[in-house]
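In the two assemblies presented below, chain A is common to both, partnered first by chain B and then by chain C.
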Partner chain A sequence: MRQHKLALCKEHYLEWIPAQTERFIEKYRMFTHEERVLVAVSGGKDSLSLWDILWQLGYQADGLYIGLGIDEDIGYSSESQRLTEKFAAEYRLKLHVVDVKKEYGKSIPELAQGTNRGRGKPCSVCGLVKRHVMNRIARDLGYDVLATGHNLDDEAAVLFGNTLTWSGEYLLRQAPVLAETSGLARKVKPLCRFYEREMTAYALLRGIEYIYEECPFAIGSTSIYYKELLNKLENDRPGAKLTFYLSFLEARKSGLFASQENIQAELHPCPNCGQPTSAPGLCSFCRMMTKKLTAESAETAEKK
Partner chain B sequence: MVKIILRDKEYEVRPGMTLLAALKKINILPESVIATREAEMIVEDDILKDGDVIRLVAVISGGSENRYSRFVTKHKPRFSNIG
Partner chain C sequence: MRQHKLALCKEHYLEWIPAQTERFIEKYRMFTHEERVLVAVSGGKDSLSLWDILWQLGYQADGLYIGLGIDEDIGYSSESQRLTEKFAAEYRLKLHVVDVKKEYGKSIPELAQGTNRGRGKPCSVCGLVKRHVMNRIARDLGYDVLATGHNLDDEAAVLFGNTLTWSGEYLLRQAPVLAETSGLARKVKPLCRFYEREMTAYALLRGIEYIYEECPFAIGSTSIYYKELLNKLENDRPGAKLTFYLSFLEARKSGLFASQENIQAELHPCPNCGQPTSAPGLCSFCRMMTKKLTAESAETAEKK
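Up next, the complex of A and B:
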C-alpha cells in the first residue's frame, strides 16, 4: 500500500482493514453498536466485505439485496443473488430480498425501456430504483442507518466527475455520512477511505466469494472511465486519489460549500410515497412509475 | 516464459523480471489489478520465474449510487484513446 507506506502480511492485513473501518465509523460518527444497520448488498466485493467487517466488529448489521432482473447472457442478477444468499447463510445473517420485477411489475431493463433516463442504458433508472427501495426498506423496517460499500475509488470518481462540471448540488451531497432527515434514512459509507484495490485484496484474502463479472450495462460507463484516469494519476503520484478525496472533505468541513442543513431545508415530501424530493410534487421514482403505468394503459386501450 | 492472464486475455513476458516491470511491459496499470500465483497473492517486487502462470484479478467495478451531474451522464466521453 504505497499510499500508506505500509506493507502487511495476510494475517495483519485482515486485522488492519476491520480496525481501520471501525476508526472511520467512529471518526465520522456513522453509527454505534446500539443502532441497527441495514447493509445494501449487491453480491460484489465491496458490499459483501463491508457486511463481513461489520459482522466481525459486532455491529447489528442485516443485509438488503435488490433483485434488479439484469440477466442478459450471463445471469448477472441471479448469480449475484445466489452469492449474497450463500454468504448470509454461511454467517447466519439476516437478509432481506426485494425483487424489483415482483414488486413493481418490471425488471430494471424493462423499466428503462421507453423512459428518457439514460437513453438506452438502464444505469440511471437502476440508481433511482435502488435509492428508492433502499430508503423505503430502511424506513419501513425501522433501521437506524443504511450502509453502502462505496470505496475510495467510487467516491473519487464521482467527485472527479462532479468537479469537472462544478456541479455544486451534487458536490454538496457527497460525504461519508448523509444525515437522517424526515423521510430519508441516514446513509453511511464505512469503506469510503479504502482503495478499491485494498477491498479486492481483502475479499480475496478472506475467501469471500463475490460476483467478479461486471454488470453488463456498466461496461464502458463514465464511472469506470474516471476510475481509469485516476488510476493513471495514482500510478505516477501514489496517494493522489486519497489526497483528492480527503482534501475535498476537509474543504467541506472548513466551509467551502454551504452546509448540508441548508440543502435539506429545500426538500419536500412526495405526496405518493412520502420520500423527500427536491421539487414539490411527485418524486422522480413515482413520476417514472406513473408515466410507465399511463403509457401501458394507453397501449392496452389502443389494442382493444 | 511467464504467462499472465487477465480475464480472457493472455500475455507472455520473459522470466526474471519483477511483477511491476512485467505489468509495465504489457501496459497494465498495477493499481487496476491484483496478481496471484497458484492462488496466492503476489506483490510488485516479486520476481517472476520461468513457467509461472500469473492470474490478474481486475479490481475496478462500475456503477455507483452517487450521482454525476446531468451534463456528465448525457455526454459520454470517448474511450478510443484509453490504453
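Up next, the complex of A and C:
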C-alpha cells in the first residue's frame, strides 16, 4: 500500500482491514455495538467484505439483498443473489431479500424502458429504486442505520464528477455518515477510506466468493470513466486519490463551504410512501411508479 | 470550437476573439477605457495576444517585461525579450523592462540555488519574484490594474491542482478579477475563458511572432501534468474544461463557499518593501533576498 508506505503479510492484512474499519466507524461515529445495522449487500466484493468485517467485529449486522432482475447475458442478478445467500447461510447471518419484479411488477430494465430517466441506461432508475427500497426496509424493520460498501474509488469518483461541475448540493451531501432525517435512515460507508484494490485483496485473502463481473449496464458509464482517470492520477502520484477525498472532508470540517442549509432544497414527506422528497407532490420513485401504471391502464383501455 | 458549436473563418475569428475579450472585461468589471492597464508580457502567445487585443480595443495598455535570466540551452529569456521589444516597437507601445539580475544581483536560476524554495526547480522562486516585481511596477508607476495572459487551460489546471488537495485559501483566491487591496494592485485575466488552442490560433492568424518554446524549467512540472490530464478529459468530454472553470465561478457566486474572511489569513505590510504579506515580519520576497545576502556575507567572511 504505497499511500501508507506499508506492506503486510496475509495474516496481518486480515487483521489490519477490520481494525482500520473499526477505527473509521468510531472516528466518524457511524454506529455502536448496541445499534442494529442493515448492510446493503450486492454480492460484490465490497459489500460482502463489509458484512464479513462487521460480523468479525461483533456488530449486529443483517443483510439486505435487492433483486434487480438484471439477468441479460450473464445472469448477473441471479448469480449475485446465489452468492449472497450462500455467504449468509455459511455465516448464519440474517438476510432480507426484496425482489423488485415481485414487489413492483417489473424488473429494473423493464422499469427503465418506460421512463425518461431510463432512456439508454437504467442506472438512474436502478439508483432511485435501490435508495427507496433500502430506506423502506431500514425504516419498516426498525434498523438504526444503513451501511453500504462504497470504497474510496467509488467515493472519489463521485466527488470528482460533482467537482467537475461544482454541483453544490451533491458535493455537500457526500460524507462517510449521513445523519438520520425525518423519514430517512442514517447512512454510513465504513469502507470509504479503503482503495478498491485493498478490498479486492481482502476478499480474495478471506476466501469470500463474490461476483467478479461488473453490472452489464455499468460498462461505459461516467463513473467508470472517472475511476480510470483517477487511477491514472493515482498511478503517477501515489496517494492522490486518498488525499483528494480526505482533504475534501477536512476542508468541509474546517469551514470551506457555506452551511448546508443555504444550499440544500427543503424536504417534505411524499404523500404516498412517506419518504422525504424535494419534489412538489409525489417523490421521484412514486412518480415513476404512478406513470408506469397510468401508461399501462391507458394501454389496456386502448386494447379494449 | 466544439465547446461553442461554432466554426469561424479567419476574418471573423480575428473579430470574434477581441469582441469576446471585451465582453469578458465588461462582464467581470475588469477595467474601463479611462484606466491605465499594465500588461505583463512574457513574449509568449497569450500575453502578446492580450496586448494586441487591448490595443485593438483602444485600452491604455502598456507592457512590462521581466528579464528572468533563464537562458540555459536555448536563450529562452533573451529570445522572448527580443520578440517582446520587437512587438512593442512595431505597434509603438510603451514597454517597461525590469531585469532581475541587474536589479537584484542574481538571475532566477541563481536565486533559486540559494533557497529551499528553489531546490530542484526554480518555478516557485520565479513566481514569487514575478509577483513582487509586477506589483511593484504597477504601484510605483501608478497603473490602475495589472493584466496577465492566463488562458482557460492555465486557470483550469491551477483550479484542478487546488481542488485535488482542497486548498481553501488558494481556491477562493482564484478569479478573473482580484480586487485591489492595500498595497496590491488589482489583477485581471481577460483571456481566462479562452482555450489555449484558441489563443494559439489567434496569435498565428494575427501573425504575432512569439516564442514557441516552453520555459525549460516548466518541463515535467505539475501544472503541465494537470493540463495533460484535463486535455484527456476535454478530448473525451468536449467542453468539460470550460464547465469546470465556469461552474466553479458560478458556484462561488451563488454561495457554495463560506465567506472569504473565514479562510483568508490576515495581511500586513512588509516592513521592508511595503507589499502585503501574511508572514510574520518580512514578506517571502524580502526574506529570500535577505537570506541570500546574509549567506553571501557569511561566505565572504569565511573566505577572509
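Definition applied: the second predicted complex is superposed on the first by the 295 of 304 C-alpha atoms of A that agree within 3 Å, B and C clash if a C-alpha of one lies under 4 Å from a C-alpha of the other, contacts with A are read in each partner's own complex, and residues count from 1 in each chain.
We adopt the following convention: a residue touches a chain if its C-beta (ideal position, glycine included) is under 8 Å from a C-beta of that chain, and two chains touch if they have at least 3 such contacts.
What you are looking at is a predicted structure, and each value in this text was computed from that prediction instead of being measured.
Novice: Could you say whether A:126 touches chain B, chain C, both of them, or neither, answering first, second, both or neither?
Specialist: First partner only.
Novice: Contacts for A:113 in the overlay, against chain B (first) and chain C (second): which applies, first, second, both or neither?
Specialist: neither
Novice: Using the superposition on chain A described above, determine whether A:254 touches chain B (first), chain C (second), both, or neither.
Specialist: second
Novice: As a test of reading the superposition: which chain, chain B or chain C, is in touch with more residues of chain A?
Specialist: B
Novice: For A:240 in the superposed arrangement: first (chain B), second (chain C), both or neither?
Specialist: In the superposed model, A:240 contacts chain C only, not chain B.
Novice: Name the contact category of A:232: first (chain B only), second (chain C only), both, or neither.
Specialist: A:232 sits against chain B and chain C alike.
Novice: Which of the two partners, first being chain B and second being chain C, lies in contact with A:153: first, second, both, or neither?
Specialist: first
Novice: Quick one: is A:197 in contact with chain B, with chain C, with both, or with neither? Answer first, second, both or neither.
Specialist: first
Novice: In the overlaid three-chain picture, which partner chain does A:164 touch, first (chain B) or second (chain C), both, or neither?
Specialist: both
Novice: Under the contact definition given at the top, report the residues of chain A touching chain B in one complex and chain C in the other.
Specialist: Correct list for chain A: 164-165, 167, 225, 232.
Novice: Which chain B residues qualify as touching chain A in the complex?
Specialist: So the residues of chain B in touch with chain A come to 29-32, 34, 36, 41, 43, 57-69, 71-74, 76-77, 79, 82.
Novice: Flag every residue of chain C that touches chain A in the complex, lowest number first.
Specialist: These residues of chain C touch chain A: 163-168, 171, 225, 229, 232-233, 236, 240, 243-244, 247-248, 250-251, 254-259, 262-263.
Novice: Going by the contact rule set out above, which residues of chain A touch chain B in the complex?
Specialist: For this pair, the touching residues of chain A are 7, 10, 40, 44-46, 118-119, 123-124, 126-127, 130-131, 148, 150, 153-155, 157-158, 161-162, 164-165, 167, 170, 173-174, 195-197, 199-201, 204-205, 212, 214-215, 218-225, 227-228, 231-232, 234-235.
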